[in-house]
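Across the two complexes that follow, chain A remains constant while its partner is chain B and subsequently chain C.
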Partner chain A sequence: MTQAAPTTPGRAGASSVLLGVVGLAGFAALLEVLPRAGVVPAEYLPPTSTIGRALVAQTERPAFWTAFLDTLQTWLTGLVIAVVAGVVIGVVIGAVPVLREATASTIEFLRPIPSVALIPLAVVLLGTGMEATLVLVVYASFWQVLVQVLYGVADVDPIARETANSYRLGRWERVRYLLWPTTLPYAMTGVRLAASVALILTITGELTIGTPGLGKEIEVAYSSNAIAAMYSLVVVTGLLGVVANVVTRGAERRVLAWHPSVRKEIPA
Partner chain B sequence: MSATLLRRTVMVLGLPIALIIIWWFTSANSTDFYQPPLSRILEVFPETWLNDRLLRDVPASLGRLAVGYTLALIVGVAVGVVVGSSRFLRRLLEPVLEFLRAIPPPVLVPVFILVAGIDNAMKVLVIISGCVWPVLLNTVEGVRGADEVLGDTCRSYRIGGVLRLRSFVLRAASPQIITGARQALSIGIILMVISEMKAASQGIGFIIIEFQRGFQIPEMWSGVLVLGLIGVLLSLLFRAVERRVLVWYYGVRAAERGTR
Partner chain C sequence: MTNGSIPIRRLRRLSTLLLTTALVVAAGACGSGSPEPAPPAAPGTPDKVAVGVIAIVDVAPIYLGKEKGFFSNRNIDLDLQTAQGGAAIVPAVVGNTYQFGFSNVISLMLAQSRNVPVKVVSNGVNSTGDANKDFGGLVVKDPAITSPKGLAGKKVASNTLKNIVDTSVKEIVRKDGGDPSSITFVELPFPDMAPAMEQGNVDGIFVVEPFLSAALAKGWKMIGAYADVDPNLCVALYFTSNQLIQTNPDLVSRFTEAMQESLAYADANPAEVRAILSTYTQLTEEVRAGLTLPKWKPDIDQAAVAKLGDLAVADGLLTAKPDLGALLP
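Right, the complex of A and B next:
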């Protein structure tokens, strides 16, 4: 359907990296110039260099690293729980037609419930610790994985299924050789989506509930009027998000290197 | 015939009804202050919501979401088409866009309170700034991935301008744009609620957080139900629109699968 652009590294790769760096530099320069020229008020949007200095100052604070690790812990714990639960439940539900039929309406109903709706519940039931934020994170990212896995299981090629029948593959062999290879690309898409959703909800929980972490640090910096510090923390969360995207995409490419034809069909 | 219909009905309604019944009975004698019986939650529901809250706060929230979401769609698709059509721009801006997309949108709530105060403009800006990235980046991908043969055909027939944009570029990118729009919608709902929880005097998020702070627990639960219902309704609405817009795409996919 679509012609995937060749992603071979080489001359084209090098020049595009260079252009990208130019783009980033231009963006940073723009944010440096705009406040200095008075186009935007500098007290609301400090120039890049000021934010950069604040960022360096952050890295020298032990409290920053504690918050950083707290965020990392909540995020990864939530993500792992959501992925394991999503894959296991997805494969079980997807592989048994009756279960699939019986749960479809419930899943369709529960999935769009915005996880932020659970914030007050999480607070009154679990307090303001990591558990409360974890509930939001798991709830939001679980559906991403589950739904992708369900799509994947449903996508098993009929001919492959019949072939498996002819060879009388047992239950586990079917899961291993039939379900798993078909589902994996979908599951990886689910993991990639879940990773960024989990980060968003981790920060959201910290920001609104007050669970320790970068989100809370942002809130503290904001309320104590440390504007440059606040922006520097925003940059850190952005970098975390970039790392998440790069890592999950890299993992996707590695895990699915053997399955290029299916990869093209994954909706991004 | 009627047997299969009955079976389908049981399949669709069975589990939800069972879950509600379980909730009803397990919570029936609950004396836990924080987990009131379902009957109590439903009892306070009408008096809590069927008054000017439904006429004032819910439309206020949804109105902000609608404005912010629509603007994000317009900006995202417009910029996405421009960036996606140009190899140079794509390479220049990709890292910047990836970074901006990766910033978790809720952290922008304090930023925009600072810049735009706590009125409607701030909440709409927050929603736009969160929703625009998935739309923009998916549009870029969609435009980039458009069928080259069709592009060449357009060139041969000298199809350009608005016609090319409408019947080739946007059409080819529409499955991706819809994917982006779906991600944007759930982010938009999150931001709608959070911006109201952080700074507002009305809106659904504000009401729920007020109930929580005032320990009006059954009312708070009813608010959670309202928010859940809004999420479900918006997703149904989105699906209806998606079916209409992408009807041709499902046809193509079905045909491709048939011949495979």
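Right, the complex of A and C next:
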């Protein structure tokens, strides 16, 4: 990550990382002190050190790693499907005015439906395996990408459009040189939002449907009265979210290296 | 242009991924979507059987039996899938996502009364028969409550309403000479019961292991147990769909035999049961060592099942006596 970061803001980046670590350490310290001081019952909210030990114990269980990989697989599969479908459908709908107008109301109707409301449907149709959770993941994260791409396509500079007309660019060339460069920054934002939404829905699906993965392990720990183990698994899912954010932000910087919003960070 | 080639390569990688995932999804959808009867396997290839269970102590025999080869011996390739509860398992068995499932007795009677096509194939789990040392018990915090009838007019936590736990509590109170109709039942998951009693939200809880040991370790008192309902109380059973019994009766009888062997083996080898628990639960070694294990009888105690049926009718859960001839094998 540090290699990719521009040189001058590097110092600011380092200090923000430092601040982030300090903040996290402060939170961990608070979580250590509160149960020990008896402010919250230690039995139901164990101190950080206990959760840490439980986390180490988890990493020694083969079942934990199986669950970890299951979660990664469901999450990334769902994300890839949502991103590809969102980008392709978004570009097609966005580029054809008739389609855009015909679908606008339908999209606005479907988009606010909470993905978890589809759990019964997914279970009845697909059982309790990975497919059922994938339905939730794809449904929730697809809209994030689609809506961003639609905005992106609508944002094409009129002058650039007219220039493309003057040059008589073909259909494919328009998509490649006109639509895509305008849409890409929007799409990348969509991907970043979709990545965290997809993770949330992956864990939700595992927790409520029982699809194998970390969410299910959390449920098993809960029904085994293993409270520290449960918190340690929650911590793992949080760390996954942090990694997702760091990776998508890094990807954004790389893919959009040419874009003014990223380029301007380099000193003139 | 050198920049341009990178996104295209990425796109190619992405499209490969998409294709793969689309195939995986399509294959999965075909596999579980259509409830086709499992045809008898060709000689030599074992029957793939998915069983829906709950990740609790009660189902240790089937995990142990799988490990011991009691199922593979009988040409059954067992895939144990954990679900949240009977409510999720029954539809999955009827839809043939699971070929067999684990459910408590009352839930199966309720399913039968709604014409859900299920039939029991094996015993599941029984009370220890010792009211002082059972795997499910009624616990109170208030020392003033010394016997079940003292719960009259109080609040008691049950994991599900109108099911086996509140039916058991009512019978325990009734047998003690108390009035079960004066009890208010509060629906709470087992893990949340002890905190609720600690906060004074309920006056009594009916918990199963490992929560029973944890509650007793707090110094709380057990005033009733499954054994008080019936010393041989049959709590849960393994079942299948009527469809599988018709299409593959040979598989069903092999599963029943394997279950009988597993139940008998588990009952005779508690140390191995405590060890196998670490593979599918998160129980710590200390907790596993201290658990009160249930009784695992290889055969179904018909009288104990009938008794629960009578209680379900008496408490208004069922309008008519369950047809045990049709429900039990």
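Rule of thumb we're sticking to: the second predicted complex is superposed on the first by the 243 of 268 C-alpha atoms of A that agree within 3 Å, B and C clash if a C-alpha of one lies under 4 Å from a C-alpha of the other, contacts with A are read in each partner's own complex, and residues count from 1 in each chain.
In this text, a residue touches a chain if its C-beta (ideal position, glycine included) is under 8 Å from a C-beta of that chain, and two chains touch if they have at least 3 such contacts.
Values in this document were obtained by computation on a predicted structure and should not be read as measured data.
Asker: Putting chain B and chain C on the same copy of chain A, do they fit or clash?
Answerer: fit
Asker: With both complexes overlaid on chain A, does A:Val91 touch chain B (first), chain C (second), both or neither?
Answerer: neither
Asker: Looking at the overlay, what does A:Gly238 touch: chain B (first), chain C (second), both, or neither?
Answerer: Only chain B; A:Gly238 stays clear of chain C.
Asker: Contacts for A:Gly20 in the overlay, against chain B (first) and chain C (second): which applies, first, second, both or neither?
Answerer: After superposition on chain A, A:Gly20 lies in contact with chain B alone.
Asker: If we overlay the two complexes on their shared chain A, which of chain B and chain C does A:Leu118 touch? Say first, second, both or neither.
Answerer: So A:Leu118 only meets chain B here.
Asker: Is A:Leu134 touching the first partner chain B, the second partner chain C, both, or neither of them?
Answerer: A:Leu134 contacts chain C only, not chain B.
Asker: On the superposed three-chain arrangement, identify whether chain B or chain C touches more chain A residues.
Answerer: After superposing on chain A, more of chain A is contacted by B.
Asker: Touch test for A:Ala194: chain B only (first), chain C only (second), both, or neither?
Answerer: neither
Asker: Look at A:Tyr44 in the shared chain and tell me whether it touches chain B only, chain C only, both, or neither; answer first, second, both or neither.
Answerer: Both partners, chain B and chain C.
Asker: At the CA centre of chain A, how far apart in angle are the CA centres of chain B and chain C, to the nearest 10 degrees?
Answerer: Approximately 80 degrees at the chain A centre.
Asker: Taking the superposition as given, does A:Glu219 touch the first partner, chain B, the second, chain C, both, or neither?
Answerer: both
Asker: Upon superposition of the two complexes, what minimum C-alpha distance (Å) separates chain B from chain C?
Answerer: After superposing on chain A, chain B and chain C come no closer than 5 Å at C-alpha.
Asker: List the residues of chain A that touch chain B in one complex and chain C in the other.
Answerer: 44, 123-125, 208, 219, 222, 230
Asker: Provide the residue numbers of chain A that touch chain C in the complex, in ascending order.
Answerer: 41, 44, 63, 77, 80-81, 84, 123-131, 134, 208, 210, 216-217, 219-226, 229-230, 255, 257-258
Asker: For chain B, which residues count as touching chain A in their complex?
Answerer: 11-16, 19, 34-35, 88, 91-96, 98-111, 113-115, 138, 141, 144-148, 175-176, 179, 183, 186-187, 189-190, 193-194, 197-198, 205, 208-209, 211-212, 215, 217, 220-221, 223-224, 227-228, 230-232, 234-235, 256
Asker: Can you tell me which positions in chain C touch chain A when the two form their complex?
Answerer: On the chain C side, the touching residues are 3, 7, 14-15, 17-18, 21-22, 24-25, 28-29, 32-33, 55-56, 81-84, 88, 91-92, 95, 97, 189-191, 195, 198, 210-211, 214, 279-284, 287.
Asker: Using the touch definition up top, name the residues of chain A that touch chain B in the complex.
Answerer: 1-5, 15-16, 19-24, 26-27, 44-45, 101-106, 109, 111-121, 123-125, 193, 196, 199-200, 202-204, 207-208, 215, 218-219, 222, 227, 230-231, 233-234, 237-242, 244-245, 267-268
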